[in-house]
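The structure that follows is given in the form of structure tokens.
Should a chain be cited, it is by its letter among A, B and C, assigned in written order, with residues numbered from 1 in that chain.
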Amino acid sequence: MTNILNMTLAQIARLIDGKVEGDASMVITGISGIKEAKKGDITFLANARYYSLLKTTKASAIIVDKKTDKNGRPVIRTDNPYIGFVKIMEYLQINKEMPLPGIHKTAVIGKNAKLGKNITIEAHVVLGVDAQIGDNAVVFPGVFIGNGARIGANTLIYANVSIRERVIIGSNVIIHNGAVIGSDGFGFTPIKGVFNKKVPQLGTVIIEDDVEIGANVTIDRATVGRTRIGRGTKIDNLVQIAHNVDIGEHCVIIAQVGISGSATLGNKVTIAGQAGLAGHIKIGDNTIITAKSAVTKDISPDMCVSGYPAIPLKEEQKIKAYRNRLPEIYKTIQELSQKIRKLEKKLG
Amino acid sequence: MTNILNMTLAQIARLIDGKVEGDASMVITGISGIKEAKKGDITFLANARYYSLLKTTKASAIIVDKKTDKNGRPVIRTDNPYIGFVKIMEYLQINKEMPLPGIHKTAVIGKNAKLGKNITIEAHVVLGVDAQIGDNAVVFPGVFIGNGARIGANTLIYANVSIRERVIIGSNVIIHNGAVIGSDGFGFTPIKGVFNKKVPQLGTVIIEDDVEIGANVTIDRATVGRTRIGRGTKIDNLVQIAHNVDIGEHCVIIAQVGISGSATLGNKVTIAGQAGLAGHIKIGDNTIITAKSAVTKDISPDMCVSGYPAIPLKEEQKIKAYRNRLPEIYKTIQELSQKIRKLEKKLG
Amino acid sequence: MTNILNMTLAQIARLIDGKVEGDASMVITGISGIKEAKKGDITFLANARYYSLLKTTKASAIIVDKKTDKNGRPVIRTDNPYIGFVKIMEYLQINKEMPLPGIHKTAVIGKNAKLGKNITIEAHVVLGVDAQIGDNAVVFPGVFIGNGARIGANTLIYANVSIRERVIIGSNVIIHNGAVIGSDGFGFTPIKGVFNKKVPQLGTVIIEDDVEIGANVTIDRATVGRTRIGRGTKIDNLVQIAHNVDIGEHCVIIAQVGISGSATLGNKVTIAGQAGLAGHIKIGDNTIITAKSAVTKDISPDMCVSGYPAIPLKEEQKIKAYRNRLPEIYKTIQELSQKIRKLEKKLG
């Protein structure tokens, strides 16, 4: 395996705030899911449904909760086994994967760029005039950061990302490969002699702290003002966010969703994959939008909506159930017609 | 604000062909939407619906039409206030955002490349053998332009775009970050011993003048012949255009649309977001295809279609309305059944 | 035309294992589809439906099967005319389009990288520490290949592709521009004080031999373990493949499809454009999923499914047909109601 640990159970228990039952000096060399685990790995059991795997897994140790019968296996007990597992992954992540600080000689740094402490700027990066990079930020190869753009502290930008001029990105943000932040909004207007005259897009994009943006996502800059992605929001791959969209805090937007211009999302909104939102609508806090839905108008807070146009999920499910019974409904109607004809005949 | 103007009302009025009412020497420092405007900004009022905002906006001046009551506010009167606003944005765009001409020392220019006058080729651009760049074209960092590709005059190509060999791009074209033009069409054929043998894609792509192509769009090259994007067509982000597609002039294609191989679009076709078109179909001039539709066969000119499979919008809307009444329809049928049973009983 | 041949009919016949009827010394200068062909081109006739075009095509020669009446035209006869045409295209591809081997001076090669024989690494490529490149592989400009990643022999990677650390890519693989392989899976978990804590994604991606990956595709790395794309599978543009997905051999996945986390596909599965698959489901061998479908649960082998949620295609088609008759169904119900009212009246 490539994710190599080299820790005793005792060390791991300390890391994840757990307690060993079994040989605390046993050396663990890898981590894995409970099905795929092999000798030397540590795994976890978070769901009682998979209890039978605790007996059969090839893992050398299992992280379990405080009550699970360990069935004679070496375990680490902790309050939340999954969180324990995540903590090991974080430890591995921090210690193995990050490049060393420094500015590669092939990087092109614009005039008056402000560079924070301990930053990493890798090969072929282009940083525009007046751009800023916060402390400890890491910029992978081939990234373009336009004039006047600002990147916050501890932010991680993967290879071949494009960030246009004046875009503002907060701290602790992660931007995956190929994402585009600050491309022109899609704005045109008819004008004498021109079918679709381009409307310049002079606004910007603001990405707040703790946001994660997936690979090949596109976020357009505002016409004037800003497109905003609120603090803690997580955006999956290939999502489209149009100009002047305002996304609140801690939203979760799954892959291939499209959000049209000037739509406003509250906080903690969840949008499942391939859904689409019309322009200029307002989505309340805590709303859930199911996969492939098309939201065409405002949605009140705390709703779960589905379908095209999106309506409350339960209504949509009911309608879908009846839709599947359409052949039966049609048959019933024909039978009723026949019966009525018979009755009519009888009555003359 | 980042979009800094520094013009008097008189200067702005001259720029947009308008007439000041109020202090013509007032200095304007920014532009903004009417809701977000603050002191020093100029904004516009294009829709009578928002008239009340004219009284409350914090903007220092408002562009209005020839008839609107100015309510004591400083205004510039012009025929079309939105177009006036767009003209100011264009002025800002031209004067502030464009990089200076020149070829960056890290750019790699292929043999026999033909470079026009006054071009800008930024850092880490790769220009292939025999490639051509027209006068005043601007190529941002990290762009790849393949052998024999041709870029027209005044064309603007943003960072990290990939243009494959022999692709032909017209004048006044804008291509946003991460777009891919000329990738292989998706063509395979079964052949003895191979399940899916690749069919080489030897054609090309032709992008005509005045086209705009969104971020992370993909346009495949033709198998033989060419994929074509007609003059003035505007393509939003993350759109997929397959091999041998032929798109007419002045079409508008919204984000995440997919167009399958060899489909043909007439002129002034509009396709809303996340719609999909089957291969080898023909879409007539002035057609409108609504969001998320699936067009499976030819569409006559001047139609507005919707749904899956796409049918005329009014029909689809009618069917959708009935679909939502399915629970009611089902209930009615059950009531009718009961009534008939009663009648049958009565009649013996 | 840009695809210039310069071969006699006799030479072409030898290349495609065919037999000339006509002047074998005639020089052919291009290839083309039968409709677009012009003087000097060779084309093919694979479908009897287009026989009339054999008489009218401007092509100088036509590849036909063993039985077709050549109508006095110069032809090459071969078992499968389309395969013959593909062979010419392959010949052109091999002889014209590939860059020469070598490592460009602007490429950055990490420590301990293992470079095979006869490889091509073009400008501004970044190859990580411990990365491996197989014999004859071609890497276009601007590609990023992370630490420890491995690229097999004869593999072709187009410009601006991003391949993250430790990803393993087989032989004879083609990866189109802008594709991202190995970005973090979309995994978060609630934890004390944090709404969505990132779960590190420490697994990898394995791309097996003979796979083709389209432009701007995104394939996420596994949380632990690997995301897998099986041998011979072909993936079109803008497809999203989430973490821990396992795709079998010889699958065909059309543009803009999204596959959620931990879904498993058998061999020879076909997924048409813009379809979506839920997470953790299992799709059997030889399954076909129609365009825009939403697959929400396991699908047995050899099924063709459609709709949302996806059901057997024939059922979905039937339901769709009845759906379109909903206005008629509604009208019938109203008529039946009236008739019943009349009957009730009669019966008192």
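Throughout what follows, a contact is a pair of C-beta atoms (placed from the backbone, for glycine too) under 8 Å apart; a residue touches a chain by one contact, two chains touch by 3 or more.
If you're wondering where the values come from, they're calculated on a predicted model, not measured in any experiment.
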Homomeric contact chain B-chain C: same or different residue positions, threshold half
different
Chain A on chain B, rotation in degrees - Cα superposition, rounded to nearest 5
120
Measuring centre to centre with CA averages, how many angstrom lie between chain B and chain C?
25
Multi-partner residues in chain A (2 or more other chains touched) are 106, 124, 142, 160, 178, 216, 238, 256, 274, 292, 323, 326, 329, 333, 336, 340, 343, 347
Touching residues (chain side chain A, partner chain C) in the complex
2-3, 31-33, 36, 82-83, 86, 89-90, 92-93, 97, 104, 106, 122-124, 140-142, 158-160, 174, 176-178, 212, 214-216, 232, 234, 236-238, 250, 252, 254-256, 268, 273-274, 291-292, 323-324, 326-327, 329-330, 333, 336-337, 340, 343-344, 347
Flag every residue of chain C that touches chain A in the complex, lowest number first.
106, 108, 124, 126, 142, 144, 146, 148, 160, 162, 164-166, 178, 180, 183-184, 186, 188-189, 191, 195-200, 202-204, 216, 218, 220, 223-225, 238, 240, 242, 256, 258, 260, 274, 276, 278, 292, 294, 308, 311, 318-319, 322-323, 325-326, 329, 332-333, 336, 339-340, 343, 346-347
